[in-house]
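Across the two complexes that follow, chain A remains constant while its partner is chain B and subsequently chain C.
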Partner chain A sequence: MAGAVDQAAFVEWLQRIGDNALILGHRVSEWCGHAPVLEEDIALANQALDLIGQCQLWLGLAAEVEGRGRTADQLAYLRDAVEFRNLLLVERPNGDFGQTLMRQFLFDAFHIELLRALKSSADPRVAEIAAKAEKEVAYHLERSADLVVRLGDGTAESHARMEKALKSQWPYTGEMFLDDAVDAAMAQAGIAPLPSSLRPAWERTVSEVLAEATLAHPGEAFSHKGGKRGVHTEHLGFVLAEMQFLQRAYPGAVW
Partner chain B sequence: MTAVQPDLSEVWHWLSQVPDPEIPVISLTDLGIIRDLVWEGDTLVVTVTPTYSGCPATSIINLDIETALRGHGIGKLRLERQLSPPWTSDWITAAAREKLRAYGIAPPVDGTAADGRLAGRISRLAGTSNLVIACPRCGSTRTEKISQFGSTPCKASWRCTDCLEPFDYFKCI
Partner chain C sequence: MYAQLVKSEGAKPREEMTPEEIAFQERIDRGEKIEPKEWMPEGYRKTLIRQIGQHAHSEIVGQLPEGNWITRAPTLERKAILLAKVQDEAGHGLYLYSAAETLGVSRDELLEKLHSGNMKYSSIFNYPTLNWADIGAVGWLVDGAAIMNQVPLQRTSYGPYSRAMIRICKEESFHQRQGYDIMMKMAAGTPEQKAMAQDALNRFWYPALMMFGPSDKDSVHSAQSMAWKIKINTNDELRQKFVDQTVPQAKYLGLSIPDESLAWNEEKGGWDFSEPDWSEFFAVIAGNGPCNEERLGARVKAWEDGAWFRDGLMAHAEKAEARRRAARVAAE
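== the complex of A and B ==
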């Protein structure tokens, strides 16, 4: 490894990446049985499955590094909202199909750049999870970009909805690229890139797809932030209430 | 008297008889997910790699491996997960690809995995695709993609515009 690793920072960072996958995976799974057409329903369920699978790997590693005997499941089901480290973007309510798709696209374009960079992490456990996840996320990005183009450059109704979706999700994208002390420690140790370093590649993908989708690029905007340090919107509590209900009501229940 | 340790080639053969729980016409060895078999003393260590991170079949596969090997008299065994190198559909054997086709699933076209690099590919977004997939039923190459995701994480949904049948395509990853 490149440098000594601050273990607490490493666990914190692993929870961030794991919680993004978990909360977005849960949000996307809420569509199961409700999507506009069967094929989309199946696609959303599959993506949710990929994300929850990735979350198990990341939170499993977080639990291992933490060394307190906790498991990925315990991290997922027994932490309260203030202990979650996901970006605010991924806890945003699903809204209509356009809003879900726009959120997915803006996240996928970031996710793929992060995973690509992590493939050369100084920690081989991080590198191997990233290599696995990148292959899956490449399909997520192709699909979400495809649908943003189809719906943006679609009917007057679909265009208007995508425009509205972009406007509402955009202020939540800035948080993806904010560097803090945890990110600095990870970059110093060669474990992860600084989030800000991923912005140019993300910006290229987003600009290209929005142009093709005939959607105006929103440009600079105010950034909501806080998720990475546990300050969440009111929406996360409702996600957790549903997601954690079983383990809270019946502690230790297993299949 | 203790039983003689079975030869590893025999164990490989046993595993080649264990069907994939989702696509039972192919076996676990056909899929290329058994990465290694070794004896550690009197314990058989089976190294398995998952296809997709969230594939729900993973735990069933582990259970099936254990059940099969115990059925062949292996008392002590341990399953290990190996993530790297990540599983690729390139590891699906040639014989298995034919079995998939006969079962109605178009086998993967190697070298066409999504790489998430959109530049230059935008033109093929919105449904158009360079990928030529032959219909597993009538053999026609006049086919089109319905969705990048199908009935399991490893498949996409396609349809044939000649015989009009929808079919699964085992996607390249």
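== the complex of A and C ==
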């Protein structure tokens, strides 16, 4: 089945999902040692670790399908921003803890639906990675949804911060559900669902959680987009400058 | 080490002890564990709170120098290992604060003392991590020194502390191995990498030796703590053991220890080595290390910035409880 798929599109698609995990993992890892309570330090490090682990699997598969002898590390460390395929949402700076948490929740609610669907991918390698990642992400969503509820329905200040966070992250959620030619090719080959097909389930989760959190649903809004085709925000360049520093400064060294 | 210069209370000759205190000391001498609800001298409780608290603070401040390189780790695998390690350190902090809580002091009280400068954390975390090999050196030397101290503490007299140490030691040996593994790669790498490895060893060697605290002859608080089995070995014993273990490891790496007086002493069956500069140690303890301000500042900022988060969770818990109560009343 996978043989029937356009290989370039498959690699492109794998980079999208792998880059989401890598860049979000990077952002989450920036909190290490700086979280509001010790339990959050632990949880965030664990979450970053899960995401980096998933990125290794997705980018590893991307490199394998590409068949040019590259590795997951080479994809992570030696591509420039224009070659990255992550959603704009995940590269946004952390902001306060509320911003970080809202970004996480909105992404987790999408991520879980994607992984659930991928468990029945026509490509067994994709299905296998998805099954492993789904368990981790189910836990991420449980945590982020729970905290959004508690902080939304906490003090006036926590409510205000969560509302502000929701407003600022919301315009970056639409990109998750846009279909393009790569997505169509993946859906055609039975490898992945069309992103747009994940929207109703995501919308249900988000509406329920926001209602319980006493946060107003923002409704229809303008969508920023571009990450999936390599047109990023200014922030990604700095993420990569930091992340790739050693590999760039000492080419060919083994670490 | 993670607990340096812990002031010990109430050293008393046996003739001056009350019958309760004698019975307590005899239990310790028999190797019995003291559990939270049991009687203990006030000095024992206070000394333990200081020591466990200082150890807990060291674990959480210790996230920072290594956290400094997570976003720059050179491979995905190294990044994942470092994340796992830093997560472990935060977990160690959690076990230790819980152990301290059994002595009647809350985590928030201990943190308040850390933030106000009334409690310390290990001097080692006030040194910067300047190149990637520092992450190797920290695992190899700092976790290595921690293990040296903590393995005997698994047998400490206070039950919850001893059990926390047993859990922690399992993870620390993984930390040391990953650190040494980084050093092996660096030492066998390009000339630049090898230079980084040597530079890291040069900068971390003496601060690592300082982790064990001042020389025994200047350690005024050791005797009582050792009688209570809160401290198992003297500072100098542990430092010697650490040097003896580490010198061959450095040789294996092809790195040189920055000590011209380092020499094998056949008679004692160990290495003679130079003492660290103790004036530097006391300066760091007094707040004048290269990173004291950043480290403590980062922890205070995290705490202050997080106040709204903690208050929000508290308020929600109260609301949820009120709703449950109202529902119960309505159902009756």
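Please note the rule applied: the second predicted complex is superposed on the first by the 252 of 255 C-alpha atoms of A that agree within 3 Å, B and C clash if a C-alpha of one lies under 4 Å from a C-alpha of the other, contacts with A are read in each partner's own complex, and residues count from 1 in each chain.
Keep this in mind: contacts are C-beta pairs under 8 Å (C-beta built on N, C-alpha and C of every residue); 3 or more make two chains touch, one makes a residue touch a chain.
Treat the numbers as computed from the prediction; the structure is a model and nothing was measured.
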| item | value |
| --- | --- |
| Which superposed partner A:89 touches (first chain B, second chain C, both, neither) | neither |
| Partner chain(s) touched by A:150 [first = chain B, second = chain C, both, neither] | both |
| Which of chain B and chain C A:57 touches, first, second, both or neither | first |
| Which of chain B and chain C A:215 touches, first, second, both or neither | neither |
| Partner chain(s) touched by A:39 [first = chain B, second = chain C, both, neither] | both |
| Chain B versus chain C as contact partner of A:49, first or second or both or neither | both |
| Touched partner set for A:206, first chain B, second chain C, both or neither | neither |
| First (chain B), second (chain C), both or neither touched by A:198 | neither |
| Intersection of chain A interface sets (partners chain B, chain C) | 39-40, 42, 46, 48-49, 52-53, 56, 149-150, 153 |
| List of chain A residues in touch with chain C within their complex | 22, 26, 29-30, 32-42, 45-46, 48-49, 52-53, 55-56, 59, 72-73, 76-77, 96-98, 149-151, 153-155, 157-159, 161, 242-243, 245-247, 250, 252-255 |
| Chain C residues within the chain A interface of the complex | 60, 63-64, 67, 70-80, 83-84, 86-87, 90-91, 93-94, 97, 107, 132, 182, 185-186, 189-190, 192-193, 298-299, 301-303, 305-317, 319 |
| Interfacial residue positions of chain A with respect to chain B in the complex | 39-40, 42-43, 46-54, 56-57, 108, 112, 124, 127-129, 131-139, 141-143, 145-146, 149-150, 153, 204-205, 208-209, 212 |
| Chain A-touching residues of chain B, taken from the complex the two chains share | 50, 52-56, 83-88, 113-116, 118-119, 121-122, 125-127, 146-153, 157, 171, 173 |
